[in-house]
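Consider the two complexes below, in which subunit A is the common component and subunit B and subunit C are the respective partners.
For the complex of A and B:
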């Protein structure tokens, strides 16, 4: 006779559906709409199939569905491989599998797929929130697996407790692997090639209106911890790309490299550590002016610190900067010339104004002051929502609209300088930041993105001039929230004004930072440090692998021996039963060899009628758990045994 | 769960007990055997009520019934059927024998020659018969209740062990107790009253009940116990050889049926203990006399195997 496969009951199928849904859900954030829709439809069909107890669709229909899923993935990604297409394939096939759940075996396939799918989420996000979500999903899937293994345990709380216990039991092994698994000098999760698209961050060109878009993101750009007392906020200029070439519309960095800058240091070094989020570019956003440089980085001719490679994952860098400095007081003629250049045509009013003012002022410095005074005294507004500017954007801005954001001020300032023959350039980067009092990290967001200018004055070299400070001093002193009029479209997260909300945000961000620093930031160097502290300074990956294999083998061996040793009395019900028998033995009541619990209870009831009700309760619950696999009766058994013990020790 | 499905069968048991007085344990075992889908061997002296039990079970369960009295000159064709040449059609026509019924009572099976015995026993195992090179399926369900006289009686061919293994259970009826015998003698019941018994179930209901029996839960702990028992028969010095895996499967099926008859949805060690003698005795050979194991030996075995 052929044994039929173990059928899946409805509750188990609902559980699997829920597990699959939770395992897939975060992928909905980045999958194309069409695939999201298809997956949702398939899951809905699976739900209605379970709900109405329908049979699985025919093989041909399933084949057709598989075909169309593949076709859609090919259409969207042009391939079936790679990160995005691979994940889409997994999600769709998991949804399809839910449509043909006939036996427990299908259930196990869904669970295995689900476990695998959980891992793929780390390709996209490694935040604390993702981690928590995945722990929840793991928990649910494991509970489903336990349910499939023992179809008669139906109490949901019990399933989850058991799954939780399994998870906790795996924890030591996980920690061991986390701490000792040989690290490569790179990120925890190597990403496929298509992973670095669509990052937010500074761009290496500047057009009016560009930064104000970036500022509307509350994402964190980097975090900084000062080793020395932090400088005042208005000195925190984090330097990014320097833009020297203007084509009439857009500012670009100059092509080619210049000789290294000559920096005269006028103040002691300020040391700090910066944890940069991935931004896909090479600049490291150091404070002006960087002193000693970390390894794998260099200073370009415009004093921007660049990494060897693009920052494609979060990285930690240590810098020492000197806030008081003099840069290139003797400038090379071709660089001066480059920074005086303007397009041949355009913005005639601004040019005329610059020439006019320069002639009436005695020095370059006086001219700079005059322009800044102009910004401060005339009705210029600082706003994130500047009006559209015409073809002669700088003229339009300076004379008509007079409403703009930092890039408008920086660009028009530099334009005026160059028109007057003074070398000037735009510097992009971030300004300011916010101290999180909980972990003493400064948080610099995309909303702190900024553009300022540098002018070259004889004897003084390149001098930073921030025209935005003239228009809206509070931008530099207090940050963008205070500088902008209320009602501007800033991200909600940085606008929180209430104390409790701000406090909550600080807590959350400190937690995330701790996660980044300690969990995700546990790299080769930190591992080496830990091993050195454990008295093993020279460990390399071979020794580590050997150690791990050894430890793992010992753990497995120990667990096996323990399981073998525990086997006869490993079952909790059986332990409780033995306990009850020991209690009865104290009253000189003994179980005969080969006597079943029922026969025993029957015999005892005749000799000791007073014992009968208590013993019967124990026997009933014991038989339920032991031979009925009704784990939910275990607490009742425990109680009955305790009662019997109380009674017999009286 | 099975409480509700078990109830109609309770009526069958009650009715059966009214016909065969004073043998509730034996009727219950016989019922469990049929519910587990196994064939039953009833062994006892003539006149103890073997035929009555078989006949009344068949009637009560609403099964199509046939009876063969086995004799030393019985031929396989007498059981299976013969092909007859029909002149008007110029073709052979198969006339099915008594084996084509749902419940076959093979009375005094050990009086027939081994050749005839094995014809029946092949059919029991395969659920089909082959005659004139053509295979014909037997009806479903298909049970055989065989009776046999104790083999030391004159003129018997004892069934070989391999054939005995085909019967899920062997039971003995034994003498009735005083009270039951008195009722019989006083004429309160007659054994011929089976003829008037009305069916309480029909042939369609029985497979459903058998399916319900198969759903009775068996825990890992119970399987541990079964294995310990099987192991014990194989290690035991009193037996020539132990129980086969087929016997183990049969034991499990019988225990399931026993639990179901008790209205439970899970098998307990008590169920295994209750059916073990009926399942094991005829399959084991005692080292002392080479005869089938005695129930007392099985009881002793049960006292030696701890219940996990």
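For the complex of A and C:
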């Protein structure tokens, strides 16, 4: 039995075009312009082809188009493989397929491709909005799929209703699969080079003028929920890379590792959970100083917490930190020496100043205070738009320009310390954060990126000194928006000062956080936790599969029973008919078994002539509904039954 | 019967459904993934691997949703056939070479509409109908009539892929319905000495037969019956005319097996006789049929025609 290919009619092809369009459209945001143009041209050609009812282009023309698409992708990406090139290939293939939609089979290929394209969007974004858009796209594609199997006359609303109904019925099973399908901690194989392209975050080098670019971004770097009462804002120093090597221009981390830090804890532990966005590096941005560490992480010699692998996806970590601490009060000579080193040449004025001041001060601490006082008292400005600095950047900054950002202050401070022979280093990370009162999460943005310094003082170990606090105390106490003069270029999202706007932003971010924590954050660990809560702490994938199969089977069975053995009570006509019979039963008139409505009416008319006209009306309309036009006769039947009810209850 | 048929017969419980109403219950409906369904499953597998590999939470959600949608689609495909009632109605007789048409009634006792009901019969093109909720519809299944005699309706496959096309649900039906196939009429001049009860009648102006008018010549009319003068009056393009005479009631044609040309074989003779019966019936003549071992007595009108044609259709080979 061979099924001849079913030709596609115009309406179905329009539907498929719309489905393909909605599946492809968001990719336009990141595809190269040339590919966008080509895809748009192809879609336009497909539209005009459908509109004018033209035949599909010849094989040769299609082959030529495929060839030029591949050539363009090769030109743009230098490869046909990998994440971005793969997505581009899919988008163009979809546009080409729209040009040769002949049969229902082609339509099915378009739909399947559309489903797959929906998945590829999540390489780039998995936000709440993407999720909502997904629902719309799925709905449209599924309606198209139903259209391929339905008579051509089927109304669009009916298709969408049917697709919605199927989707709703699929939800319980989907939920079960989502919760219980044995999760595998990916990746299963090596990801392409560009798998995690385009991540923003701290850099592990510092050059004057770098962090300020990061600060322009309102993106969220991580979120923190404190289990204990949160400390004041000015104590929130989230530690990233420590930069110890200076080559005259750029600060780098020291190569190799040092022995583990020796931390004397002076305050009780502060416990919190941190959800870090993927930043592609290993540091976990713990509060100084970290105590108990989560699994798969370690403390390096400079007290930075590092994960085992790069953070390529959003992850949750729990920490306990001690805000009052003493770090390496006895430090190894080679480390002290490393942190005193400066390039042999450059910035002579700063060096001279440091030597001069150190000689006039009694102690290292006094020298530190002197420098901080200098920053506070002299006309230094805190700005995101510092002027360009010359070859001796630190001299230029300290003596001439005096306008800069945290990195300028940290770098020049450390330079002065080293010039005076005091071990000092730069620490990169984030400072501060903002509490969202709706879900009690602290939000730390890229704009909270910060650089400060640490000096080593004998007996006290490494002490945090934040020269920015001396220049712009409000940066540390209230955040960057208050510290900057108005008119500085900052992302709009963090600039919202009005109460309602802030409230709205809090709401939106709390919603997104809930989405991240509960929907996107459902991973192997959360699955284990859920099963433990259900009283099954050690379920492995076999037991999980069995549970899933059992519960899934139940859901499918229930759905099947519901679908197959649905009582016709859903049918309004029979409901009304039953209602009429109940009314008659009150008058002791009963429908005999096997009696049709007509014979019943006939019998009743003889026994109760007073009842006859009303009952006849009901029977007439009922039969009309059953064998005639449902839409027209149903209101009449409803009215007739109501009349009968009024009469019999008299 | 090949091994495949034997297997299918066992597997799909093929049996004669008789001439009563067939109700499609659980045991009669079978369901398997369609080619599109396999492609869909393959796509889902690739999507799941991509979701795991790139650790995409929404990718998992999408894949699981589509998988669940496929399962729900399967249930709905099954339900699209479930509970349908089919009743064999009738099949009007046809001649060899024509299409036999079998009529079935499909009724839907549930309020849900049943779109995409495809009826496949042997090698014939598939007929697709949709039956609304609580209503019924007739479906005509056609089959070429190749041999005279009874043509029984072979097994019919009713299948549906509604709503998603991922699964094919089918049911093999074998309602008892047969169609009488008459021999293919073969044009041949009417027998020369066709005779009435007392050897008179027909087109020949014999005895007291009374002229009744002209009619256009048919292929089966011998040339010597043509009324040439009357025909010539109509011009060169007009059809040839045959003069008709009103015979008395006693006038009757006899179509005899023996009158066929001697070179005609068994089946050809039946075809020739069929042609004669058709001419006679079209003219409203009285005629009788004489076959070896079988005789249809004098008669006329529709009843006689059916009687004769049936005798010719069912005459032993």
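Just so we're on the same page, the second predicted complex is superposed on the first by the 525 of 650 C-alpha atoms of A that agree within 3 Å, B and C clash if a C-alpha of one lies under 4 Å from a C-alpha of the other, contacts with A are read in each partner's own complex, and residues count from 1 in each chain.
Throughout what follows, a contact is a pair of C-beta atoms (placed from the backbone, for glycine too) under 8 Å apart; a residue touches a chain by one contact, two chains touch by 3 or more.
The model shown is predicted, which means the values in this text are computed figures rather than measured ones.
Residue by residue along subunit A, subunit B and subunit C are tallied for touches, and C comes out ahead. When both complexes are overlaid on chain A, the residue A:169 reaches subunit C alone and has no touch with subunit B. Legend: residue contacts after superposition of the two complexes on their common chain; A:131 is shown touching subunit C, with no touch to subunit B.
In the superposition on chain A, contact of A:623 is made with subunit B only, not with subunit C. Legend: residue contacts after superposition of the two complexes on their common chain; A:593 is shown touching subunit B, with no touch to subunit C. Contacts of A:95 after superposition on the shared chain: neither subunit B nor subunit C is touched. Comparing the two complexes, residues 568, 571, 626-627 of subunit A contact subunit B in one case and subunit C in the other. Within the complex formed with subunit B, the subunit A residues making contact are 152, 568, 571, 574, 592-599, 623, 626-629.
Against subunit A, in their complex, subunit C makes its touches with residues 26, 36, 39-40, 43, 46-47, 49-69, 71-73, 75-76, 78-79, 82-83, 110-111, 115-116, 120, 125-126, 130, 134-135, 157, 161-165. Interface residues of subunit B facing subunit A in the complex, by the touch rule stated above, are 217, 219-222, 265-270, 273, 302-308. Residue ranges of subunit A in contact with subunit C, taken from their complex: 1, 3-4, 104-105, 108-109, 112, 115-116, 118-120, 122-123, 126, 130-131, 134, 138, 142, 145-146, 148-151, 154, 162, 166-167, 169-174, 177-178, 181, 184-189, 191, 195, 312-313, 519-523, 556, 559-560, 563-564, 566, 568, 570-571, 626-627, 630.
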